[in-house]
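Chain naming follows the written order as A, B, C and D, and within any one chain the residues start at number 1.
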């Protein structure tokens, strides 16, 4: 990062020290610290606007960035996780179940990364196997049957590239999930909350509305993957990130998302509660708008949205 | 993730009319003696080791439903002997014995009730009646219960406990697998939730029909659940069966059940799940 | 078998010798052999009427009894076998695909036993794994999509009782196949052509019409299985077969099948062409009758058929 | 089981306007030299070892369709450079080179034709154009072809040959997976058959969208078919890949494709299959 970023880091550290002192001693320093806080905020805003695409990717992967379940804990009640594809296994990297989102009954589908080393490994760093996509299909069946809007939180580096995943039809499972989502007769709102890696992300990304958090990325290929192909060198990922135009503002400009959901300055990990509040509000607002449409309209509107995507000239 | 499982039962209900011939029961797993009264208070789950003791249909509904809410629907349909089946004894003699032992016409109890205030239609199989085997009456009562749920618009909750189809009614028993599935179709068509709870044991034709076409499948911890029985499999493949094979936790791992839920949590689990699936407003906390 | 059966065997052998002689020498012996042939036929008829249930079971399992594919070769054109459940594997014990049955486009689903030792093993003696039932579901999806009537030929000792089958949800797969068949909006005609073993048979047995070949059996449990449970002795299977009432005439009497499809005297294996002709005619006739019904009627009629099955008294 | 595959082609068709710069081609597998004329006569399958050589889109349709029946639909839609993408060279320069090499705007050729008299809509991907990669134009042409098939009521036959989504159009390429699936939905709704033929290679986003949501999936012998490429998998798991991994025969065994069909049989296979799926009367023998 640039020099102002270093300044910001230092100021943030000092501010934390002072706040610690305040807490320890019981001394109220709020008034005394207000100007310093304002300056930190200003620097954050400045720095944020200047972030490179690669820096945004780093924020999307930042340690402590809220995972899907972190948002569920803050925004949902009555979440019942339903497990399994009823055919082979249960995938902890793609989870879901019925819940109330801000009180409204919905069906959740979520890419889920671990929150500590053990669960990160168990959840395959958010990379799903075919069982995950097949579970998603099953839960969408339930959503349609019970008239529950589908809310998806996307956070995956991509589908898992493993031998067993291929044996059990990784491509087939993703395609079926996409197709199932096209067929939904209930509202579907999708949000990329971290990484939106390729087909593994799109599998639960065919919504009537697709939103993206401010520091999330969404791409046809990871920057590292692109760099490996182009320059045979994954270390050139920053260059690839620039070329791929995978940040939230890029996606909005390309017309691929309806809205960028704001994050607290510096990233969602700095204030998960504030990040959740913004996410909750945005999803609830779109759900409310979509609730006016009937089943046929919802499918037709979603189909038209995706049918129109693409950039070409016609002679 | 059970963020708001606040619907704990304030106190477990006594099974209406239950007698206590002995003061205590020995847990089949940990061998600890447990006072029968304590067992009832813990939904017949061993307070020491968590073992889920088998329940008869009456005990099951007492654990599941709000006290006093149960309205029985089953009971007017009685088994007959269509094949004049006789093995080591005539089928009617077997039936009479089971009827006397359980006080029921056959291996199922159905009706309606409420779970923490939420109206449901319920069916509980009775393993105590001829191993919960499914003949024409079990099929008919489950079909009627499903149809009642569809008509009333209430979620349908079924507790399976069965060794499978009943041999003594031959192919008629087999056909109950299709019959019950037909009846459940009315729920799917109307978007009414159907939850099955698989208890120990659930095998054979029950596993291959109504018990597993549910919208949500819950298993009790440690229950034996499968299609072929372990003995049949062992005879066929002449191979050792892996540890935990066909147990609830094994099935969860293999993607076959939605959750393994402790019996003491069933009411809260179902209330929370069914409240969302039926798109009802969230209940007041503490309701 | 009884003494008349032994006489019949001997006469059959002599007759074959004489027919061989006629063929070898070119001498036309038709007239000379006619009375002997008539006597053999008479004895066959007599013996057949007297067959015990266990003898019928033996006929259903007789070496050389036509398998599903033997009938397809004789009755169908344009059969394209479609493989796989698109999730885990392909089951050679339960096969199917589109074909023309006597010229009429249909979707076939068939239990398939091997025809030699190697293929018997490969096809698991007709015992399906979950993949077979899931393939059946997939093919029923296609049948509904393209308006193809479903014709099933049932021939299985039962679903395979294996560790892997249980791991992958044998019970679940059978239940889904039953449910899928209940939901069909096209005509479905099912025929038990050999063994109709339990849930593994019913999985493709939920038809608008269910027929059974004269020497086929259909039961909730195999005679051996029942004997093992009742007497702890599989050798008591003949007694169990009697108790279970699993023969074609039994099933007709119990109201579980619409029709018994005749076989050549002595069993289908003695004259596969004649067996096929009778099977072809019966299925075609029922398909023609059902073609008058619309999609909703077909589902409703099939549902009503199975909803009514069962024997009980009401107080 | 191909009981009546009597629709053998009497003689293979020459590709219209094909040139023969060399007299023979070396088979990449058996290394045998084969006269180009013989190769064309055998649908570009090595007569010696059965290896299926890669075809460009024009060759593919020549093999598949009745001679002279093809009516091109694609070609009016041209790629642009929405991201101003530049890696080792600008995207427009890449495109120009591929266009010059293949004589097509992009990596797909679509239209209508007949297969042994049966009218079909077809789309063939062109691996020769930038590895058959799928960007906006490929997505648009396939979507239009699917819509044309739905409108005309003819079966849709698509031949996949692709390394996956096209990096140079970023997330726009990714969205083609959903777009094509949307367009194919019209076929499913109207009960019009969609058959995909997977040729060597079919990977990435193509495998995870339109290529695998087909009613019937046919693979050519020995084709590489998968989602993740073998190199990516090997890098991730650092493990040796099994023999035959991700090849057609492997996928058949794993239940992913309906059949592995020799290219020389494709016409007969499709005619027979599609005739039944569209419930047409059986064609006259020898037609």
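By definition in this document, contacts are C-beta pairs under 8 Å (C-beta built on N, C-alpha and C of every residue); 3 or more make two chains touch, one makes a residue touch a chain.
By chain, with names taken from UniProt: A, C = Acetyl-coenzyme A carboxylase carboxyl transferase subunit alpha; B, D = Acetyl-coenzyme A carboxylase carboxyl transferase subunit beta.
Not measured: the values here are computed from a predicted model.
Enquirer: Compute the shortest path length in steps from subunit A to subunit C over the network of touching chains.
Expert: 1
Enquirer: Taking touch as defined above, what minimum step count separates subunit B and subunit C?
Expert: 1
Enquirer: Could you see whether A-B or A-D has the larger number of C-beta contact pairs?
Expert: By the number of C-beta pairs in contact, the winner is A-D.
Enquirer: Round to the nearest whole Å and give the separation of the Cα centres of subunit C and subunit D.
Expert: Each chain's C-alpha centroid was found; their separation is 40 Å.
Enquirer: What is the distance in Å between the mean C-alpha positions of subunit A and subunit D?
Expert: Here subunit A and subunit D have centroids separated by 34 Å.
Enquirer: Please report how many Å separate the Cα centroid of subunit B from that of subunit D, as a whole number.
Expert: 52
Enquirer: Among the residues of subunit D, pick out those that touch two or more other chains and give their numbers.
Expert: Where subunit D meets two or more other chains at a single residue, that happens at 212, 254-256.
Enquirer: Among the residues of subunit C, pick out those that touch two or more other chains and give their numbers.
Expert: In subunit C, 86-88, 168-169, 172 touch at least two other chains.
Enquirer: Show me, using the given definition of touch, all chain pairs that touch one another.
Expert: So, checking each combination of chains, I get A-B, A-C, A-D, B-C, C-D as the touching pairs.
Enquirer: Touching residues of subunit C toward subunit D in the complex: what are they?
Expert: 69, 72-73, 76-90, 97-100, 103, 105, 131, 135, 142, 145-148
Enquirer: Enumerate the contact residues on subunit A facing subunit C in the complex.
Expert: So the residues of subunit A touching subunit C come out as 86-88, 130, 134, 168-169, 172-173, 176.
Enquirer: Note which residues of subunit A are touching subunit D in the complex, please.
Expert: 159-163, 165-172, 174-176, 178-179, 182-183, 198-199, 202-203, 205-206, 218-221, 225-226, 229-231, 240, 243-246, 251, 254, 256, 303, 306-307, 309-315
Enquirer: How about subunit B: which of its residues touch subunit A in the complex?
Expert: Touch residues, subunit B against subunit A: 1-4, 188, 191, 193, 212, 215-216, 252-259, 269, 272-273, 275-282.
Enquirer: Show me the residue ranges of subunit B that touch subunit C in the complex, using the header's touch definition.
Expert: Listed in rising order, the residues are 76-80, 82-83, 85-88, 136-137, 139-140, 143, 165-167, 169-179, 181-183, 185, 204-205, 207-213, 226-228, 232-233, 236-237, 239, 241-242, 245-246, 254-256.
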